[in-house]
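Same chain, two partners: chain A is paired with chain B first, then with chain C.
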Partner chain A sequence: MDALLQGAQLVLQPQTLIAIFLASIFGLLVGAIPGLTATMAMALLVPVTFFLEPITAVGAMVACSAMAIFAGDVPGTLMRMPGTPASAAYTDEAYAMTRNGQASLALGANVVFSAIGGIFGTIVLMVAAPALAELAVKFSSFEYFWLAMLGITCAAFIAAADPLKGVVSLCLGLLVATVGINNPAGQPRFTFGSTDLVGGIDFIAAMIGLFAIAEVLRFAGSARTELAVPQAQGGRIFAGVGALAARYWPQALRGNAVGTVIGSLPGAGADVAAWIAYSVSRRFSRTPKKFGTGHPEGIVESTSANNAALGGAWIPSLVFGIPGDTITAVVIGVLYMKGLNPGPTLFLNHPESMYAIFLVFIVANLLMIPFGWALIKAARRILSVPQGILMPLILLFCTVGAFAATNSLFGVVTMLAFGVLGLLMERHGFPVAPAVLAMVLGPLLEESFVNSMIKTDGELLGLVQRPIAAGLAAVCVVLWLLPLVKSLRRRDGAHATALG
Partner chain B sequence: MTSNFRSDRRRFLQQAGLAAAAPAALLAPGLAHAAWPERPVNVIVPWGAGGATDAIARVVGIEMERDLGKPFNIVNRTGGGGVVGHTAIASAAPDGYTIGMATLEITLYKLMGLAELTPASFTPIARLGFVPGGISVSANSPYKTLQELVNAIKAAPAGTFKASGVGVGGSWHINAGGWMRAVGLEPQRLRWVPSQGAAPAYQELLSGGIDIVTASPAEGRALIEAGRVRPLAITHSERVAMFPSVPTLKELYGSDWQMSSWMALVAPAGLPRDITARLIASAKKAQESKAFSDFLTERGFVKVWEAGDDLARYLTQFAAQMDPVVRGLGLVKA
Partner chain C sequence: MKSDLPSAVVVIALGLVALVAAAKLPPTPGQNFGAGFVPGLVAGVMTAAGVLLALRALRRRASFASEPAAKLVRPAGLLVVLGGLAAYVLLSEWLGFHLTAMLVVGGATVAFTGRWRTAVPVAVVAAIGVHAVFYGLFKVPLPWGVLQPLAW
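For the complex of A and B:
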């Protein structure tokens, strides 16, 4: 109890509160600008943390990342451009709601369920940190292989109308992911003698291209001058959210749980959590047909998941010093510099710091509701700007983002190339999402498979000889067989009707 | 190919720039670089933000900024096992406005056939710090000492024991090969499981996927202090302050093999002497600052100082040491 009070004192210092306030605004702006990721916001914050007290620095980083992950939803909903990759999973869905005139409802759901997800993740972090980290830390390459396989499998479900085109898109993403030297053998692949390609194709730049540049190009290529301007509705952002909560609370809860668990797995963060939560939601929905048409169910689940993942990611980071995602990788660097070395001893030596970090999480997620409301209001104003002015501005921000992602013009070139690719894919009915997911999971899939094979001397059975790996494998196999079973059953049904 | 084309083009632009600046140069002969730095200096870090190389560059950058009065911007150019960032440093204009924090990989790229980069591609400024490697096992491993572990490796067929710490051809992979040679075994005796870095390797160790980690114990400090990982030896000539009870490989086997991950401030080849001298002087001040010392102690780094020609000699000597091990590990491209 003493430690809790001391923690509260640390958080309630004026300088800490001011830092949280400013970092929140910074996080909202960076998150709302398509192409600038939450990780980038954190990296930009690192030099500032040099001048702050330890808890103040951590508070600023927590607030900044939570706000950035939520803020990514706003341009995703209003303009079909996810502000951060964590919003990409349900961008199409949220934009469809905007087209149906339900932008307010979509944004209201985003802000409220993001905040709830964030608080849920925090509570799990506080209660179950040591236990959950124990589980996650037992994951070896075998478990990771099946986890990546699960993600790849889910990508096939995200692939909307035509599964075949979805798989083509998936394979394209996997191919892109093979470029460069960051493969298990450390050999350059598909580099054509270019130093830039040795580093691989930057995922962030490619994603900005596929999502944002394709949109700008589509606008430029369309004859209409006013395109997809979201309906400027009244201020009732939170109207209808209560009804959503009443109707979809099981989905929100499941999204929170999925997000926290995935967040706590080292390496998998908010973006993977959102993808998996979205496809889980679709998989188990009573109305899967409505997905993709502006249906809030999947949004509720995945927007809950990505913010819950933030709290989850801190679990292995704090307990073992193993980053849960790219954001906490930056945080761990700062923690070391501030003498708050992550590890089990942190809980023994600095319990007050632990409580302070937890409290900052709660404060940041509560602040998200008023701040999110303000951002949505401001975003509306930005969107009343004519598209002819907005699009070049977006292009500018995207260019800055792609440059910042790689610190080189090659990132901008990548972005533009993928913009053209995204445009072509959409024109011909190939979904973009599976390609993006494959780019994230491809390296993980390859690395975990090769490492597993090295460990087992090429014995494939080794992939299912550990209990958790076998469990994950079983889930994958069930997911693979479901469509087959369904189509067989359908055929049987048709057969029976024909006979009858 | 592209990089050659690039640097050619850059050189052309530079010469065009020089031609334009010629009248000004005539007015102030001999004072060409006296005013350096007149604008912000970019410090390229070939590794990601938040990592050890990034962190050391930021600490030094702040100190040098204070000393020289112009901003030192840290620019992370990641990817390709450092090839991208190191190439960016080497191909920049040698005008003192682009420098970089290089790591030991610069001595290996050419040998492994990964890039046309050698220490000669850079103007050496100063080596600032290093973190010694080690040999660690999981706390529930049956091996309590290095001798027990080595005897078990000797008794078992090659490839039985799996080790990790970094990707194929990285510093800690070479550390594993050098250690095997030091105890009279073939470098490829351990099966190398590539990882994205020390943290994932330590996690693999905990999860039972591998037997040995040859990364620095400092990178697994939290796990060692929590009693989950047991460091058996340090691959450095002396014991380290962070783990004073862990013996060195030299104490145990009398071997001179040592492997540390080091960071050195470098500039593109052909940096004017006066700018080199000012960078060295400023780096020296940064290195002597309290902030830098605190940072090194916290991270388990060891302070070191080799500047200019001393650093060039060190790089040559280091590359010569690595050569047989890299060949023994089969990493040299024919």
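For the complex of A and C:
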């Protein structure tokens, strides 16, 4: 109880509240502008968080990500352009509602069910994380090795549309993580004689490159198309939402549950959660034929899911230091920088920080309702800011951010290189998320492996001799074999068809 | 539909280079798994994935992934961004943050919107504003360069 009060004190400090307030507005704006993602909002926020107290920084990031995921719904509904990938699953549906003259209802549903989803995810986080932390205290290098392995496996095999390309992306991230002298052997690796590379590749500069510069490059290289004019939406935003809640509460609940579970899987975040929730909703709907015609049922379920996924993604992040999605990958980078190393000891040594983070989640999701209302009211004006002016500003902000991350121009060079890499990967169908997760998990993977090998005297079988480690290993092996089994079955199927 | 073959070749080449570089790393005394073990393993997996990707591309000739939404039709636009960042790296120490930032932002805004009358005020306000926040508030050592006499 003391810890809870201390946590509340941390959150209620003026600087924390101001940071949450400003980060919320920033998240709303970035999320609402098509092409700028929630992860990009986080990457752009990080340089500012260097200069904040730990809880203030985390509070800003939580608020920013929650707002950005919701805000992505607004241009999706009004212009048929999802503001973030997490809104893409139900953009057509929401836009169909707009054309039917129900824009206000669609947006009202987005705000309210996003906020409820976020709070649901937080409650699960509050219940599950401390319980898991008690288990995690008993973990040693063996369990951590397999947890990290499970994290990168999920990122490549579950979250990527094409597992083979997911694996390539993963390897790329792991190789990037090996650069420098920060490895168990203390040996400089892949530094090519450069003193700048001895310290490794700066994660923050790389993130800004992958998520923001790649986007600026994409914009710069594409044909200038005039964005669609946002459809007008008049009327009261929250009118009719109550009726929706009364009618579709089971769907909202299922969306919350699906979102939290998907979010907690490493590598799969809000966007995957929204797609799955939308298809689950259609699958179990009594009126599946109405989907796609401006039917709110699927929107309720998937907009609940993407915000619930945010809370879910924090479960493995806080308890094990294994990021649940790209957003938490960035957060983990910041937590390490702030000395709040994620892991079960965080719960033991800093319970007040934990409670503070939980409270921030709730505050941010409650703020979403008034802020979301304001965003919807101002949407036409925000969405008509020309991207030709916005992108150069983002470019400058990124450059200063990357410079601040390293206090050297090498940060800018790193950002540029990763921007080009991100663009190339996207053009050739390689997902970026596995590489990002691998960059966070690579060091943990290697360290826990080497520590385990020192304990077992180089005996590889020692990795699976503790029961939990063996269980985690079994899950990994099943996930590795899954694509193989699938492709064999496909081939069998094709064979049978050819014979028939 | 684009073939995955070229990217597979790049992946294989990258994997092999990393494999060779990892093999050259010295062993750690007293340990079975030295500094080169993990990078070597990863490079090996990457090369293998590249080979599988190439085989699949040869069989299918079409990319598994869907085409990206917008085609890159303006190489000049890409050059503006890349050139702007390169200019920042090369010039900011000497010209100072303000002038370099104005150059980068102004140049990109003109390139994207074609309007000087928008670009100039945007560039000036952005440079001064970003400098005030990051240099003044966050104490990031942004260089003054030729404007050193005006430093605060």
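Definition applied: the second predicted complex is superposed on the first by the 273 of 500 C-alpha atoms of A that agree within 3 Å, B and C clash if a C-alpha of one lies under 4 Å from a C-alpha of the other, contacts with A are read in each partner's own complex, and residues count from 1 in each chain.
Note that a residue touches a chain if its C-beta (ideal position, glycine included) is under 8 Å from a C-beta of that chain, and two chains touch if they have at least 3 such contacts.
If you're wondering where the values come from, they're calculated on a predicted model, not measured in any experiment.
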*In the superposed arrangement, which partner chain does A:T195 touch: chain B (first), chain C (second), both, or neither?*
first
_Contacts of A:V330 with chain B and chain C, given as first, second, both or neither_ = first
*Could you say whether A:G292 touches chain B, chain C, both of them, or neither, answering first, second, both or neither?*
neither
_Applying the document's definition of touch, where does A:N407 land relative to chain B and chain C: first, second, both, or neither?_
both
*asked:* Is A:S141 touching anything from chain B or chain C once the two structures are fitted on A? First, second, both or neither.
replied: first
*First, second, both or neither for A:G240, with chain B first and chain C second*: neither
*Please indicate which partner A:A185 is in contact with in the superposed arrangement: first for chain B, second for chain C, both, or neither.*
both
*With the two complexes superposed on chain A, say which partner A:I454 touches: chain B (first), chain C (second), both, or neither.*
both
*Could you give the residue numbers on chain A that contact chain B in one complex and chain C in the other?*
47, 50, 184-185, 407, 450, 454
*Which residues, counting only chain C, touch chain A once they are in their complex?*
2, 4, 7, 11, 14-15, 18, 21-22, 25-26, 28, 31-36, 38-39, 42-43, 45-46, 49-50, 52-53, 56, 63-66, 68, 70-75, 77-78, 80-82, 84-86, 88-89, 92-93, 101, 104-106, 108-109, 111-113, 118, 122-123, 126-127, 130, 134, 137-142
*Touch list for chain A against partner chain C, complex*: 47-48, 50-51, 161-162, 164-165, 167-168, 171-172, 174-175, 178, 183-185, 187, 189-190, 213, 216-224, 386-389, 391-393, 395-397, 399-400, 403-404, 407, 409, 412-413, 415-416, 419-420, 426-430, 445-446, 449-450, 453-454, 458
*Partner chain A, residues of chain B touching it in the complex*: 1-3, 44, 48-51, 54-55, 58, 62, 74-81, 83-84, 87-88, 114-115, 159, 162, 167-170, 191-196, 199-200, 202-204, 206-210, 221-223, 225-226, 295, 298-299
_Sites on chain A touched by chain B in the complex_ = 43, 46-47, 50, 137-143, 180-182, 184-186, 188, 193-196, 198-200, 202, 266-267, 320-323, 329-334, 336-337, 339, 341-345, 406-408, 447, 450-451, 454-455, 457
